[in-house]
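To start, I am sharing the structure in question, which I have written as structure tokens.
The first chain written gets the first letter, and so on, giving A, B, C and D; residue counts start at 1 in each chain.
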Amino acid sequence: MRDLQSEKDLRNIPLKKVGIKNLKWPVTVMNKYDEVQHTVAEMELSVDLPHDVRGVHMSRFVEAVKEMKGLSLGDIETMLENLRQRLEAKVAHCRIDFDYFIKRKAPVTEIPSLYDVRCSFDCEKGEDFKFVMGIVVPVSTLCPCSKEISDYGAHNQRATIHINVEVDRDIWIEDIVRIAEESASTPIFSLLKRPDEKWITERAYMNPKFVEDAARDVAIRLENYQGVKWYSVHVESQESIHNHNAFAYTEKKVEI
Amino acid sequence: MRDLQSEKDLRNIPLKKVGIKNLKWPVTVMNKYDEVQHTVAEMELSVDLPHDVRGVHMSRFVEAVKEMKGLSLGDIETMLENLRQRLEAKVAHCRIDFDYFIKRKAPVTEIPSLYDVRCSFDCEKGEDFKFVMGIVVPVSTLCPCSKEISDYGAHNQRATIHINVEVDRDIWIEDIVRIAEESASTPIFSLLKRPDEKWITERAYMNPKFVEDAARDVAIRLENYQGVKWYSVHVESQESIHNHNAFAYTEKKVEI
Amino acid sequence: MRDLQSEKDLRNIPLKKVGIKNLKWPVTVMNKYDEVQHTVAEMELSVDLPHDVRGVHMSRFVEAVKEMKGLSLGDIETMLENLRQRLEAKVAHCRIDFDYFIKRKAPVTEIPSLYDVRCSFDCEKGEDFKFVMGIVVPVSTLCPCSKEISDYGAHNQRATIHINVEVDRDIWIEDIVRIAEESASTPIFSLLKRPDEKWITERAYMNPKFVEDAARDVAIRLENYQGVKWYSVHVESQESIHNHNAFAYTEKKVEI
Amino acid sequence: MRDLQSEKDLRNIPLKKVGIKNLKWPVTVMNKYDEVQHTVAEMELSVDLPHDVRGVHMSRFVEAVKEMKGLSLGDIETMLENLRQRLEAKVAHCRIDFDYFIKRKAPVTEIPSLYDVRCSFDCEKGEDFKFVMGIVVPVSTLCPCSKEISDYGAHNQRATIHINVEVDRDIWIEDIVRIAEESASTPIFSLLKRPDEKWITERAYMNPKFVEDAARDVAIRLENYQGVKWYSVHVESQESIHNHNAFAYTEKKVEI
């Protein structure tokens, strides 16, 4: 059979990424307490394509996923390096998105439960290896302005804190989640009894935060976190008084 | 050219709906103040297929959409009747979803603005004509339990009230939106100044509602609304203390 | 603390469903080969609420999920019966959606791989127990009309076959997936080498199917499948010549 | 009332973007034939926030949207300049996404119809004004490898071509759509009769394209298009033999 992908291409246009997307695959991730979490990932994998080759053999990407052992930095770097060599590319990328569960006790009754955060690993292997971990943490924000101007109550709402960190070592998802939660009006939980609900309601009221406040508080904590070379933070609140969202965003390269 | 769709089918399986989905099309809707609103609809159209015919000529559905004048009950009934005849069907259906904008003044400063609700028309033309209007209204709910047990504050959040009504006449989207908003802790707005924000915050605090309360308050109002033969109400709040939603649902045939 | 939910309600409106939605939770499912699959579910749980009680204690739903052993019919019935008793309800419902992976060998090279289908369990426990399994299977359809009228080629596309079956016993997801795939122009795979791609291309060309054909072929197979009391089938193809989809739907109560 | 947003902030963290998202608003766009199109936009607006100010008055963004005349380059630059001044910011951004309808005659019968593309305007006003137009065009791709290795047929599928161009003048959406369509195996249509379907089927078969081919063919055309300072192209095909997508991406600053 003729191999069209390997043929010469005369258009002289190099492509930065050629690959596959939306591939779902079962994966395992280690949590901070040395336990294995099973979850389902959605994957994107690609390589660059030089100006004079027509195409990429796409089945190699699925083979690479099949061979992957786990989702540690080492596992992913090995997988990308193999892709790079087999496909004769300069750079190989992957992005892996998955649900991850955080164990958490209710603040007063201490009843344990789980809740989900959305994680992503965005990785590139060329001459160097670059690893960016992304986490979306659901939290609650209570509006300082609403509290200040109102005789009673204050509008509050579910918000999400999106943190991306480029790191030079494995770090724990749980640690980044904690940074997000400490920067919000209050963390949120799956299972709360009435004494817990009272605690959260009062804590949020005593700890009002604009999206701007939460973004800055995350930024300060990330600048002091070991191993972070670059970060971005996006805080978005599903305003309970509007049908649109408010957000604050910043990013920074950190001097190490 | 051979016409495969019109050929005899021997499998003896009648189909309830054969048609097209996800067709986007520009449409106009009349609002309560006799003004034309331009918006974009997403359409599904179908007919039933008897047990002995192989297929439907799908291009007829797009032709029917092209010929449609507007979105009044009369326009839709005419379009479905034409489809039914051209495609020799017993029943023709359509579902039309679109964004619709509500004009609203802020509660204190009275600055006017717009906000969007999602509407649907779900229609069937057989021997009779059946018309179900659906509206999703964004509102705010404040938790009665959280207010009761807490020394200050109360968790609140954006919620959506989904109302479907089967009616025997044209009714105004604005009227159904009002029913939803009167049944929530407070309506929401696009544009609020500080005096407005104070008003909403305090009103929500004085008017706490569980999803169960909002659903029942909508139900009572719909039972007294002229021309409603059946209704359903689904209230869903994006709980600001959880990463999951709370909801309440009911439906009822109304004696007219 | 006052218990608002348990208070008397005078509005005289019973609610059909009160509960929680969008709760993500890690679960395990047994596959046909006696192996455990770990996946992530999205859950909805609810009970009915009598006309004279104000609300439901929502934390009970998360407790019920925490206690659930697995996703067998027996596990789910037990969980719903407990909910029904603890919440003093007449009926308890749940809907559980999850990704499930099918093991499959490529048709010629026989290289094994995985691909995902989306499953749902929709269950109700009142005096009786009702269990509806839903599966969305990605397949390929090739247009018979396009093949017939064209001198070469035929348009084809990814399609999805949505099957729901009400059953009176545990059945295997793999069996329902097979019924969907046998009714399409060809099944689809994650990992294909060139001899496999040739096989699939030619098989689809020799086996053209309208959405109407695929729906009927599924229906015939389901009517002869043991234990099915009711079924629905929806076939939707992402037409490669249009920016909208074509679909066919039917449903039927089966005489057992 | 105290104005919390205007207070001094001591955290010393400047924010790159503070604003609102997911605001829906009715808008009008001029098409290439001097006609007005009415559609619904989803908007994001933001400004930067200096390190020593606590927050942004978010209601100003909705006021800016209310005052906007249209969506020409001039209209948007004026709106952003006003925002920048009123909010005392260095930079103001907006992103506006909307459905846009293309008029098109069927290739043989010449029956006219409409189909939708998704557009975005991504704009930044600081010392300079930057305007990036994005368009997602649905097309069809037919696999060259599948055609080559198979005795008959070839798999094909719906694909999307995502083009972003940074331009220094108003350009027509219709022109960018044409570039995308000329680079695919065949354009797609809403309304086709059998002679049209034959034409498209045969044309796609005679014009096979990998995602790599389509991306390169778009790139060549964009490099020769007047006024383009930078472009990106992403081609993604919903592979009809897989449950995942294939894609190719590149971007380039163009020497003008």
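By definition in this document, contacts are C-beta pairs under 8 Å (C-beta built on N, C-alpha and C of every residue); 3 or more make two chains touch, one makes a residue touch a chain.
As the structure is a prediction and not an experimental result, all values here were calculated from the model.
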Checklist entry - Computing the C-alpha centre of each chain, which chain sits at the greatest distance from subunit D? => result C
Next on the checklist: Interface check for copies subunit A and subunit B. Shared numbers divided by all numbers used: above half gives same, below half gives different; which is it?
Outcome noted: same
Checklist entry - Measuring from the mean C-alpha position of subunit B to the mean C-alpha position of subunit D, what distance in angstrom results? => result 29
Checklist entry - Distance from the CA centroid of subunit A to that of subunit B, rounded to the nearest Å? => result 35
Item to check | Centre distance in Å when subunit A and subunit D are each reduced to the mean of their C-alpha atoms | outcome: 25
Next on the checklist: Touching at least two other chains at once: which residues of subunit A meet that condition?
Outcome noted: 1, 23-24, 115-116, 145, 149, 190, 192, 194, 198, 242-244
Next on the checklist: Please output the residues of subunit A touching subunit B within their complex, sorted ascending.
Outcome noted: 115-116, 138, 140, 142-143, 145-146, 149-158, 186, 188-190, 192, 194, 197-198, 200-202, 204-205, 238-244
Item to check | Residues of subunit A that touch subunit D when the two form their complex | outcome: 1-2, 4-5, 9, 11, 13-24, 46, 49, 54-56, 58, 144-145, 148-149, 210-213, 215-217, 219-220, 236, 242-251
Next on the checklist: Could you list, by residue number, the parts of subunit A that touch subunit C in their complex?
Outcome noted: 1, 23-26, 37-40, 59, 62-63, 66, 99, 101, 113-116, 190-195, 198
